[in-house]
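Comments concern the structure below.
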Amino acid sequence: MGLKEECGVFGVFGCKDAANLCYLGLYALQHRGQESAGIVSLEGKNFYVVKDSGLVSEVFNPKNIAYLKGTEAIGHVRYSTTGSNDKNNIQPLYSKTSHGKYAVAHNGNLTNAFTIYKTLEQEGALFHSTVDSEIILHLLSRAKGATHVERLQSSLKQVEGAYSICILGEKFLIAARDPFGFRPLVLGKKGDGYIVASETCALDLIEATYVREVEPGEIIFIDKDGLQSYKIPVKVTPKFCVFEHIYFARPDSVVYSESVHEVRKAFGRKLAQEHPVDADLVMAIPDSGNSAALGYAEESGIPYEVGMTRNHYVGRTFIQPQQKIRDFFVKVKLNPIRSVLKGKRVIVIDDSIVRGTTSKKRVSAILAAGAKEVHLRISSPPIRNPCHFGIDTPKREKLIASKKTVNEILEYVGGDSLGYLSIKGMLEVIKAYPASSFCTACFDGKYPLKVKDKGKYTFEGRKIKLYAEKTN
Amino acid sequence: MGLKEECGVFGVFGCKDAANLCYLGLYALQHRGQESAGIVSLEGKNFYVVKDSGLVSEVFNPKNIAYLKGTEAIGHVRYSTTGSNDKNNIQPLYSKTSHGKYAVAHNGNLTNAFTIYKTLEQEGALFHSTVDSEIILHLLSRAKGATHVERLQSSLKQVEGAYSICILGEKFLIAARDPFGFRPLVLGKKGDGYIVASETCALDLIEATYVREVEPGEIIFIDKDGLQSYKIPVKVTPKFCVFEHIYFARPDSVVYSESVHEVRKAFGRKLAQEHPVDADLVMAIPDSGNSAALGYAEESGIPYEVGMTRNHYVGRTFIQPQQKIRDFFVKVKLNPIRSVLKGKRVIVIDDSIVRGTTSKKRVSAILAAGAKEVHLRISSPPIRNPCHFGIDTPKREKLIASKKTVNEILEYVGGDSLGYLSIKGMLEVIKAYPASSFCTACFDGKYPLKVKDKGKYTFEGRKIKLYAEKTN
Amino acid sequence: MGLKEECGVFGVFGCKDAANLCYLGLYALQHRGQESAGIVSLEGKNFYVVKDSGLVSEVFNPKNIAYLKGTEAIGHVRYSTTGSNDKNNIQPLYSKTSHGKYAVAHNGNLTNAFTIYKTLEQEGALFHSTVDSEIILHLLSRAKGATHVERLQSSLKQVEGAYSICILGEKFLIAARDPFGFRPLVLGKKGDGYIVASETCALDLIEATYVREVEPGEIIFIDKDGLQSYKIPVKVTPKFCVFEHIYFARPDSVVYSESVHEVRKAFGRKLAQEHPVDADLVMAIPDSGNSAALGYAEESGIPYEVGMTRNHYVGRTFIQPQQKIRDFFVKVKLNPIRSVLKGKRVIVIDDSIVRGTTSKKRVSAILAAGAKEVHLRISSPPIRNPCHFGIDTPKREKLIASKKTVNEILEYVGGDSLGYLSIKGMLEVIKAYPASSFCTACFDGKYPLKVKDKGKYTFEGRKIKLYAEKTN
Amino acid sequence: MGLKEECGVFGVFGCKDAANLCYLGLYALQHRGQESAGIVSLEGKNFYVVKDSGLVSEVFNPKNIAYLKGTEAIGHVRYSTTGSNDKNNIQPLYSKTSHGKYAVAHNGNLTNAFTIYKTLEQEGALFHSTVDSEIILHLLSRAKGATHVERLQSSLKQVEGAYSICILGEKFLIAARDPFGFRPLVLGKKGDGYIVASETCALDLIEATYVREVEPGEIIFIDKDGLQSYKIPVKVTPKFCVFEHIYFARPDSVVYSESVHEVRKAFGRKLAQEHPVDADLVMAIPDSGNSAALGYAEESGIPYEVGMTRNHYVGRTFIQPQQKIRDFFVKVKLNPIRSVLKGKRVIVIDDSIVRGTTSKKRVSAILAAGAKEVHLRISSPPIRNPCHFGIDTPKREKLIASKKTVNEILEYVGGDSLGYLSIKGMLEVIKAYPASSFCTACFDGKYPLKVKDKGKYTFEGRKIKLYAEKTN
C-alpha cells in the first residue's frame, strides 16, 4: 500500500493513571501514524505535555509517563504529510486562552484551512505550528459564547473538512466528529471513566468496553457530571471513509459498527465471485491481504497458503547505491517461500494498488521464486482520485488507475491476470450502513463537499526554518 | 515461545561493498539475536569495526557502513544469555596476534569453556570480554602450526560444544562448524565472491545462490585462490538442533537441506493425525504457529482462520504497576478477533510450551474473546531438559513439562484439550536426514556429549563492572 | 557575585557569512548569559533558526552554522530568571505576521509586561513562550502604521522598562534601546556591513570597528539603502545601569563610552582613598576583582599579589551529600595559595556583596590558608534593593545590606575590616556621563520609573508543562 | 604554550565515598589532561568502572559516581598523544589475572614499551588497548613472585622510562614512581585513609593533608594494615621534570617540595635581573605568565598591569574558512585591553615558546591594540629537544629554538626585544633540590637514559579500527 493514514487520537476522562492508559491506547493505534506521538495530561489545573518524533515506544518511557500526572489525558499519533520535522507540529497542540487552557488532538484535514488562516493572520494572530489543526485553537480563543461547547460549536461551524478531535480543557474532555464523519471515532467506558479512540482495538488493549461510535456531527462533552451530547450546527449525509475497512484499520477493530476482519473476508469472497480463476493456491500479501485472501480461498475452494513470510524486524533500512539487488525493499520486508511457490499457479490477494510500483515488485518476486502463473486480485476498486479528508494520497497523475485501464495496469505490474473488486460489490457486503453512507471519492471522484483550499493543510509559506539535527 | 536463539553469523569474501552485504545479511538474521550487532570488515591489512547494542537497524547507518571499507566482512547478531550490557561482549571479537589480526563471530556454546579459561588465565592471559567465544582467539594466538588452518585445527580440537563460526583474517575468510553440527551454517556464492550465513534467508535477501551446508566438522578456508575444505580432527555422528525447524529458523529458510515452512506444515499434518479433534476452526498463534496450523487444517479438513492479529509495532512496552490489565503483554502483541472466535470451538496451534505461563495467557485471552472450546495443539514434543548447545533455556525446574504430565499441563494452561507432537512423529516427517542425526536432548535428555562446564559460557567471575547508562 | 545578567544581543547586516560572525559575537558575549543561545539568519525571504539550551560552544557547530545561510543574522545569549527549561523561551523569538516575518532578540525586562499580556489574551492572542519578549511580536503583528518603523514606534510606546533589542525582518535589521538606556547597546561597522552588539568586546573579536552607542530612545533601521535613525516617542533622562561597569561587562569592553577596566581601576583607587588600611599585600577575588585590586594597590602603594588561583575547568560540579568539605564550591573554583597568604595581613578586593554567603566562604578560605588579617574592600556600594531592569537580583530580604549595617555584615562575613565604595565616590570617577545619568536604584531605591508588574516578566500562569529530559 | 601534559593520577584508600573524593581530585587535576577521564572503585571484591572521553565534569554525574561503590578508588585524566578516539585507551585500565583483579592509572611514557610489546605478542598475549600502560598489566599477570609487591618489582624492573602509577587491587592500593621520578606524585592523608595524587592542589580540594612526595623509585603499598614502603630495584640519580614548575603544575600546588607560584615568581625576578629593559608596564600572558610577571615587576620596579583579559567560556571554537579574522584563536581566548596598552612600552611575560606561532600572534595582537614597544620575556630557557618522559612535544624540527637563534626568533615573533631565562638561572632559584636533580633534556639534550623505542608509546600497528561517531 502506498496510502498513509494521517493520525490516531485517544482520550481518557476520569481514570487513574490516565496518561498510562493513553500511552497504551496510542500503542494500539500506532498503525495510524508513526512519525510522532504525544500526550497531554491534566491534574487539577495543570497540563503536562510529552511529545516527540518517533514511535510510541520510542517517545514514551516510565519516567515521562510518570511525569504525566492526573486522571485525564489525550494523545495523538501522527503521520506527517510533509517531510517537515518541525517539532512544533507534533500533536496534541495546546495553548492558554482567555477561556482557559486547551489541548487538541486532531485526525483529518480541514479543507478551508488556508482561507481561515489568512483571515486570522490579518487580525494579528501569530501561528506557532504549520498545521491546520492550530486553527481550531485560534478559533476557540476568539470565539464568543457562554460555554465551552457553544464556543466550540461556533468555531466548528466555520471549518470544513474532516476532523475527529479530542479536546482536553479545565476540567473536561470533548470528543467531536465532523458532520460527514469521514474518520472513525468511538466511545468507550472503563470503570467510571470514559475513553475516546479512533478504533476499538485501543479499547481492547486497555480493557475498556466499547459503547458506540461518536456520531457524525456530534460533540460529546464529558466532565465530572458525566457525558452530554451536542450537535455541530451543520446538516449533511454521513460519508464514512471506506478505506478504513479496506486497509487502514486494524483487522481486530470494529469500525463503523462492523468487524474489520469480517468485512475484509467478505471483500475477498465477493472478489472470488467477481474474478474467479483456476489456480493451485491462494496467498496474501502479508499482513494486509490476509483476511481477504482467506475469504477468497473459502469462496473459491482453492487452498490458502503462506507464500511470503514477513520479517518482523523491519526498521530503517538502507542499501548502498552501488548494490544491485532486484526488488530489495520488497524482499527486506517480505520474502517469498520458494518451496511453496515453485511451479504453482498462484492467486495473490492485495488490498489495493496506488502507484503500481510495489505491486510490480511483488509480482516479479513471486515469479522469481518459481511461480508458474500469478493472478493478482485486489480487494478494492481502482484508486483514481486524491483524498482531501485525512489520507495522504499521491497526486492524481501518480495514481496508476487514473491514467491506465485494468489491462494496461496488468501489463505494467506483470503476472497473468488482474481483477479489482467493484465499487458496488464492495459496498454491498458492508452491512451496518447503506452504500450512500460511504465516501467513494478516491474511486469515482464524487467528493462530498467542495474543497476550497486543496492541499493547503500546512502553511509552509509562513514557515521559519528551525534547524533539526538529523540522526543520520 | 520462551526459548531464545543466541546468535546469527554472516561472512562475505570477495564482494564489492562487503560490509553492506553483511549488514543486509544480519538484517535477514535479526530473528536469531536482537541484543547487539556488529560487523568487522577488511581492506588491505586494515580491519574496521562497528558494533553496538541494539537491533541491526539501530546499530548501522549509511555513515558507519561506509566506514566499513573493503571486500571482506563478517557480522554477528546476538541474544545475550545474561543481563550484562558489557559492550566488550558484543561480537565479532577481534585482536591482533603474532599470527596477524583475527576477527571472530560465533554461534553456539563451548561446553568446556571454563576449564580452558582457567588454564589460559594461569598462563597470564588477560581476557577482554566475558564470553566463551574469546577462548578461540586466545587459542589461535598461542597455537603452533605452519598455517592458519593448522592452528585452527589444533585450537578447535581443544574446544567442545557447539560452534558455527566465521573468522576473518589477513586476507582470508574461514567458516567452521563443530563436528556435531549443532547449529546451522550454509555456504553461498554471489558473483565471484563467497557468502557464509546461519540461514538461507540471508542469502535470498542479497541475491546470493545457496551452494550447500557447511558440513559438521568442516573448516572452509577461502582466500584469493578460492575455497578449500578441511576437517576438524574429531569423529562423531552429526546431531542437528531440531528446534531450528520447530521455531528458530525463518520459515522461508532452507535449514539442514529442507524448507522450514514445509517441515512445519508436515509437523502440523502429523499433529492432526496424532491428536485429532472436532472443531469449527484451526487458528495459529501468529506468526510462529502459522505453517503448522495450515498443515493441521489441511490434514483435518477443518477451516483455517485468523483468530488473532499481530501488532506490528511492538517495541519496548511497559505498563504502570498500578494498572490492572489482564494478560497485558499478550494483548499488546496479539489481539484476539472477537468476531472470529465468538461461540466457536477452536483448535489453536502453537510451536512449543516452555514455562506454560504464556500459553495460559493466550488460552485465557481466546476464551475471553468468546471461544466456546479451546483445543491446544503443540507442533513439538514436551521440553523437559535444558540445552547446552546454543539455546537459552530456563533451568530444568522452570520447564513445565519436566514436572507435570500432559494432563497437568492442560489443567494449568486451561482449555479443553492439549496434544503434543511425538518425538517419533516429528523426526519421521523430516526427509533430508535420518532421525539419528538430530539432537533431541531437550525432549529426552540424551545429550550427545558430556557437558563439562554446565552453564559456564560466560566468565562473570572475572568481570569488572563497567558503568553503562541505561536508556530508561 | 550573586547577580546575574539576563542577556546579550548581537546583530549583523550585510556581511558575508553573517551567522558565523553572529556566532563569534555571541561567543564574546557569553558572560552575559549561559543558559541558552540562538541565531536567526536571513537569506532572501527565508529565515533560518538554530537555538538550544547550553553554552554557545555547545549549541553551535560547523554544520548548523552552515545551515544558517545569508548576509543578515541576529543572535542572543540568555540567562533565565526561572528554572524553566521550556525551549520555547529561547531567543531569538520569531513569527510570521501579516506584515511579514520577524525575529526578535531582547536584553532587559518590560515592567508592564503582564498588563499588556492580559489585554492581548482577552483579544484571543495565543502565546507560544512565557517570556515578556513575545509581547513585542504580538504588538508588532497588530500594530497599524505604514512602515516597519512606524509600527515599531507605536508598539514600543506601549511597553515600559528595559530593552536593548535587535529585530530582523525581510530585509532589514532594527536596533532599538529603551528611552532610559538601561542596558548597553553599541553600533559597529565591518566592511560595508553593520554590526550591533551589547558590548564592544564582541566587535573586537570579529574585527568590526566601534562606531558609537545606540542612544537611549533610538531606533536604528538598517536596510540596503543604509542606516537611518528614529526616536521612540517618549522623553526621559537616561539612566544607565552602573553594574555593567562594576561587574557585568567584560573589562576589555567599552561601555557607556568608557573602558570598563579603567573605570574599575578608578573604583579601586577611590576605594583606597575612602577605606585605607595598613597591610602586607592587596589581592583580588579573581577575575572580577582584578582591575579594582590593581587600582587599590597603585593608590595605596601596597604590593599586589596573586592570593588565589582560578580553576579553568569549572563546569557542572557536584559533591555527594555525605562528604564534609568546608567551603567546597569556593575551593573548586578558587584555591588560595598558602605560600602567598601565610602570616600576611591581606587586603581582599571583591566587586560586590549580594547575600554575603559567598564572601563569608572566601574570607574563611583565605584565613584557613594562613592569612593573619583579612581586610575586605568592595568596589561598589551596598546593594539594598532588587533590580527590575534586566538583572536577576534575589528578593530584597535576601540582600544582606538591606537589613544589616556594614559592621553587622563584617561580623557575618568575618575578617578584620570591611569597606564599601560610596555611591558618590563611584559616580565621581566615571567621566563620560554625569552622575545623574546612572540608575542607582539597587543602592538607594530611587527607581527611574514606576514598575507596574513587579517580577511578572514571565507568564508562568499560562504555562503548560512540557516534559524535558534532564541530562542528570 | 604548545606543550601538553599527558596525565594526572589520583588514588584513595580507606575513605568513605572514595569515588567521590577521586572525582573531586580529578577535577583539581583537570589541567593535566582534558581528553578523557575515568575512575575504578572497589567494594569487597567488586571493581566498578566509569570512564569516557571528555572533561571530568562531562564524564561524571551523581548517578554514575553513586554507582562507583566502595572505600577505595583510583582515577585518571588523560591527554592523548594521538588523534585516536579509541575508548579502550581510556584509563584506568583493568583486568582480571590469575593473581586477582587489577586496575592501573599511569602518568608518563615507557621508553622500551614497543620492545616488551613484541615479546609479549610472540608469547600469545592479546592486547586490548594501544597504549604502553597495558604492558604493566600483562607483566603483572605473568610475573612470578609470592606477593603483589614482589611481582610488581619484577615487572617494573623490566620497564624503562617515566611512570607515576596507581594500582588498585583486592584489597590494596599501590603508588609507584619510576627511579628518576620524572613526574610528580604525592602522598596525603584524609582521616584514617590515604590519598595519592599527581599534585597537592588535589589534596587541598578534598581537605586531605599533604604528607610527603612518593620518592623516586619507591613503591608504596597500602592495605588494611597500613602503609609500607618498598624500592624498585634500580639505582639512578633523580631527574625531575622542571616543566612542572615552569608551566604544567597549578600555581597553588606544591611540587617537588616547593610552591609552584613562588618558584615562578622567583623565575620572574631572575629574568628581570638577566634581561632588564626600560618600559611603562609589565603584563602577563594570562594566566600561565601571571606569577612570573609579578616577580619581574617586583624586581624591576615597573608597574604590573592587566593588558589582556581572558574569556572564561572558551570551549570548542571554530570559524568558517571564509572569514578573515587576524589572530582569531588568540583573540577568542585573550583579548588585549586597548585603554591599557595604547602608546605604552610593554614588557610581556610568557612561560615558554614552542613553535613560535602563538607568540607571534600575541605580540601582533598587543601591537595592534596600540602598544608602542613590546619586550617579550620568557620565564624558561629555549626548548630545543623533544621529551620522551610524558610530555607531548612536537618533533624537533618544529621547535623554533632548535633551528633559530634568539635574534632570529625575535625577528619571527616580532616586538622590540626578547629575553629567555638561562638554564643556570632557572635551576639556581629552585631551593628544595640541587640543580643536578632536574631533567633539562628539552633545553640541552642531556637525556637521563637511552630511549629505546622512541615515540612508540602506542601500538597503532596492532590497531583494529573501531568506529566512533564524532560529535561534529
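Letters A, B, C and D name the chains as they come in the text, with residue numbers starting at 1 for each one.
Operating definition for what follows: a contact is a pair of C-beta atoms (placed from the backbone, for glycine too) under 8 Å apart; a residue touches a chain by one contact, two chains touch by 3 or more.
Bear in mind the structure is a predicted one, so any value in this text is a computation, not a measurement.
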Practice problem: Compute the shortest path length in steps from chain B to chain C over the network of touching chains. | Solution: 2
Quiz item: If you tally the C-beta contacts for B-D and for C-D, which one comes out higher?
Solution: C-D
Exercise. Tell me, please, which chain's centre (mean of its C-alpha atoms) is farthest from the centre of chain C?
Key: B
Practice problem: Determine the centre-to-centre distance between chain A and chain D, using the mean Cα coordinates as centres, and give it in whole Å. | Solution: 62
Quiz prompt | Chain centre separation in whole Å, for chain D relative to chain C (CA means) | solution = 36
Exercise. Averaging only over C-alpha atoms, locate the centres of chain B and chain D and give their separation in whole Å.
Key: 51
Practice problem: Indicate the residues of chain A shared as contacts by at least two other chains. | Solution: 63
Quiz prompt | Complex interface listing, chain A residues touching chain C | solution = 40, 46-51, 63-64, 67-68, 94-98, 101, 103, 121-128, 137-138, 141-142, 462-467, 469
Practice problem: Show which residues of chain A lie in contact with chain B when the two form their complex. | Solution: 16-17, 20-21, 24, 27-28, 30-31, 34, 55-58, 61-63, 65-66, 201, 204-207, 250-252, 254, 259, 261-262, 287, 290-291, 294, 298, 303-306, 308-320, 322-323, 325-326, 328, 331-332, 335-340, 471-472
